[in-house]
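Both of the next two complexes hold chain A, though its partner changes from chain B to chain C.
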Partner chain A sequence: MGAFGIIKNLAKLRLAYKFEFFGSLIFSVLWVVLLAVIWKSVFFFSNLESIKGFTLQDLVFYYIIIQLIRFGTDVDISYRVEQLVRYGNFIPLLLKPLSFPAFCFLDDLSEKLVNIFLKIIPTFLVFVILFGLPPFTLSSFFFGIISSILAYLLMFLIDFMLSTLIFFTKSSHGILDFVQTGMHLIDGILFPLIFLPENVYSGLLYLPFPYLSYFPALVFLNKADFLQVLGFQLGWLLLFLPISFFLWKISLKRIEGVGI
Partner chain B sequence: MFNIGRKVIFMDRVILVREIGKSFRTYKKEAGFLSTLKSVFRRDWVRKIALHNINFEVYKGEIFGILGPNGAGKSTLIKILTGILHPDKGFAKVLGYIPWKERKKLSQHIGIVFGQKSQLFWDLPAIDSFELFKEIYGIPADEYKGNLNSMVKLLDAKEIIKRPVRNLSLGERMKCELIVSLLHNPKIVFLDEPTIGLDILAKESIREFIRKIAERRKTTFILTTHDVGDVEELCERCIILDKGLQVYLGRIEDLKKYFGHKKILTIKSEDKIKIPKVKGLKVLKEERYKVRVEVDTKVVKIRTLLQKIFSPNIIDIEIENPDLEEVLKKIYRKGRKWERSGL
Partner chain C sequence: MKRELKVLWRFFRIRLEEEMVYRLNFLLLLSSFVIHDLFGPVLTIVVYQVSKGFPGWSFWEALVLQASAIIVEELWFFFGSRVLFELERAIASGKFDFYLARPLSPLFLLFSSSCFPYGLFTLFVGIFILGYALPNLPITLISLLFYLLFLGSGFLFLLSLTILFSSISVFVVRNRPLRNAMFMLILYGKYPTNIFPKVFRIIFTFILPISLIAYFPAKAVLGKLFGVSSLIPFSISVLFFVISLLSWKVAIKRYSSAGG
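Moving on to the complex of A and B:
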């Protein structure tokens, strides 16, 4: 069994939806332009040079990088597993010599590899044309990539743990929506988390969510200590990995005990 | 050696099931809004028996039927045999593996086809799904190519596998589902309603394919179906389940013989036929010049009956054994337990 062969074949499926790539490129560019306009107004009317160390230009690049990171780290395994279970297509996947979590990971990885070529690189080029080259250094770029890969693994484990909910509830859609919306409020997608009140911000540092987008973006922009971010990301990964295995094991026990 | 009808098969047992039982906890609820509201806070749990003391064996190269009405326990049994469900009691071995303990190892040697669910990617040609399965099962390139070519030829599916699955007819899709389930040369294939919704020609082509694969490769097929035609044409033996109970295990022919004293008579006449009131006679269908009756020959002899309804204007009399569908209907209605020795 070749993991690369599986990824290659799953990637073909992603490529069947070419329009989706084009759509997400347009949407992400419009989203950043909209945010840039809003923040330009904020800076203009408040006569501020910067907010907590972020100039207007820093903010625009922050949102650009956040968009690109999300293309590489957004995981929707929980929704896909919910669909598989609800429509009865989950059972055939259990009867393969490849474990279900491994299949989920390879499936998602195939999407990410396609995203690199069809979403991240083209969107990055459009952003460079519109806003110029982000202020990367060679090291910040390299560390940013590593931090983004770890963010992806962290995101995958969080979403996989959420996906096991469906085995204990008949429908997990509502809970997933609630959790994911809550997560996006504190993962830095809407605004740099440093804008939050200081005690809230300090508290958030000890949660896994800022390490999914916010800190990887700061590493790219050379505004965060890479080693510290790396330490937190690795720590959360080491914690979530056994929890994911445990949750899958008890999910499997439930499937084997009462069916789905 | 073990004689299972037309074929004589060497005792190469691939499935052994002994005293398997399974029950589920479920809740009951009355109809209506108030009852629904009440069930949110308090539920009346009941234990439902899905399978009770099931025993059977299946041999290499056999096409074995699992029959039963809805809710009989067919799917639960398949899930136990493939390792998805743990039984509450009993023992089973499939290809030497205990399914629920060694599912991953077993999965390398079994194939599955669900008539109402697809294993293929909807938006891609089936050939792309085949390639993915080749990787998942680690099928060597030569073996994959050889298997694919022979099955495509048998099913006349050369063009079909290149078209997106969503553009295929149900029959064409089922051909692709069969190919994908057999690519890795499984020793046992579980077929769940493989001909559901298919027209006569498509059904025939699928049945022919299954027969050939079982003969040539000695692949064992476990077939669950509601289609009596599938069972009559493909299976030598079957198990019949009803409400979780094993009501029959044995040859299809024996099953029909059990009802051998019952005959179906179709009488055609040039004028209206008067059916006499006789014990052991049941009218199945009555038209102006044609009557179809079931005769219990233990109660009334056919000769006696014909003498009673003799008319010079009778133009045709046909005597048949009841078909399997009739037999199954009776079994399902009675829900009684047949032991093989009792046949």
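Moving on to the complex of A and C:
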């Protein structure tokens, strides 16, 4: 079975839980509505036209785009690997004629493909009905998509590296939660990072986290230099790719199981 | 009551021991909950850094609001947040019958057996922020006493909502949407009610009083609630509690176990 066949079968499995998707749709719409209400009151009370280049409309669309990007880039491979190892279902996957990292990638990719049809497009349509069309240009939309794909690959590698921790610790969901929650504090889902004090903001630019959703969202809104963002994203990918393979190799040496 | 406290203490110790089997994991999970608690205060700090903030709330007052939300939410996190999840598992597996057969209130057993020890520790995040903000505000002893009363009513409201949703859960079993709704309501309750449109202000005060989570406690400690009318929100939380208990009684009477 080729890669496409694997993706197709895994996508079918995920479609079994389609009603779960409606829950996340409602959740993200309510989250954006809450943030829109908060910032609307702030803008009116302070009599502001814009904050650091963001009008109220820009901010609302920023949050909408962040939500849509997250549907396409959130990866939970590390949780799945932890469950597989903990309940002893990991070894059979090693015996399959496909490398485990490749399986993880295809598995996650199948989820993202399902997400496009069940999460991203329906949520986008609901947002368009509520807030109107986002201010995309054809080029910013195209560049935004490329930046989001790279953000997904980056996120996948970060999560895959985290997933190898299970082979070194007895229980890894503490560290997974810690990293992921910490990441959300500085990846731009709460507010545009430029709202932070300047020294904090410039420090964050040297970390990979703003390139997971903050900068891709700015690229969509035509508020960031696409080539610069692309350069940083590719740089982080080139750094993380060999580290991921290295971690996977040393993890393999630690795996113990019947028949190995 | 003594017996109930003893049971709760036993369950707390068991849950804590379970969680502390992996010490590092426990500390990291605790840290991730602390970071999660900081989302609201960080957003508030950023809002006040880039604008005049929320209408009718100074910076320190807004911090008191956030601290109150954390305190109420964490109390519920300790005693109530896992109830719906446990109930779903218990009903689906048929173990809910054990709750009904024991010589204690099934509702109390459900709440105490699903207590989540992290909440008692993360409660200190709210207390710390409160201790940081309160010295900058003119607080009286009476307003502090009022504050404790309103924090209690906020907690009572969340307990009532959990009981109400548990009653629904007895019929529908799969309650994930209810759990999501619970978290969304808490999220909306963390911000000043006066920033919402008028219709929602009425709903959030009298029909679904999420204002009790942070808005009214913060108003109480700041001495902004006057006269008998200030007791209306408190009365609503008591009324809500009575209704939720009635709904639970109805649900238990109709519960037919696995045999139908």
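Brief remarks on what is shown
Please note the rule applied: the second predicted complex is superposed on the first by the 254 of 260 C-alpha atoms of A that agree within 3 Å, B and C clash if a C-alpha of one lies under 4 Å from a C-alpha of the other, contacts with A are read in each partner's own complex, and residues count from 1 in each chain.
We take it that a contact is a pair of C-beta atoms (placed from the backbone, for glycine too) under 8 Å apart; a residue touches a chain by one contact, two chains touch by 3 or more.
From a predicted model like this one, the values you see are computed outputs, not experimental measurements.
Of the two partner chains placed around the shared chain by superposition, neither chain B nor chain C is touched by A:Leu165. By the touch criterion defined above, A:Ile175 reaches chain C but does not reach chain B. Of the two partner chains placed by superposition, A:Leu84 touches none, neither chain B nor chain C. Contact comparison for chain A: of chain B and chain C, C touches the greater number of residues. Contact with neither chain B nor chain C is seen for A:Leu218 once the two complexes are overlaid on the shared chain. By the touch criterion defined above, A:Val42 lies against chain C but remains apart from chain B after alignment on the C-alpha atoms of chain A. Once chain A of one complex is fitted onto chain A of the other, the partner contacts of A:Glu256 are limited to chain B, with no touch recorded for chain C.
Contacts of A:Pro97 after superposition on the shared chain: chain B is touched, whereas chain C is not. In the superposed pair of complexes, A:Gly5 makes contact with chain B only, with no contact to chain C. Shared contact residues of chain A, touching chain B in one structure and chain C in the other, are absent.
Across the complex, chain A meets chain C through its residues 20, 23, 26-27, 30-31, 34, 37-38, 40-46, 48, 51-52, 169-175, 177-178, 180-182, 184-185, 190-191, 195-197. By the touch rule above, chain C contacts chain A in their complex via residues 22, 24-29, 31-33, 35-36, 38-39, 42-43, 46-47, 49-55, 176-177, 180, 184, 187-188, 191, 195-197.
In the complex of the two chains, the chain A residues touching chain B come out as 1-2, 5-6, 8-10, 12-13, 16-17, 88-89, 91-92, 94-99, 103, 255-259.
Chain B meets chain A in the complex at residues 24-25, 76, 79, 82-86, 100, 103-104, 107-108, 110, 112, 114, 116-119, 121, 123-124, 128, 131-132, 134-138.
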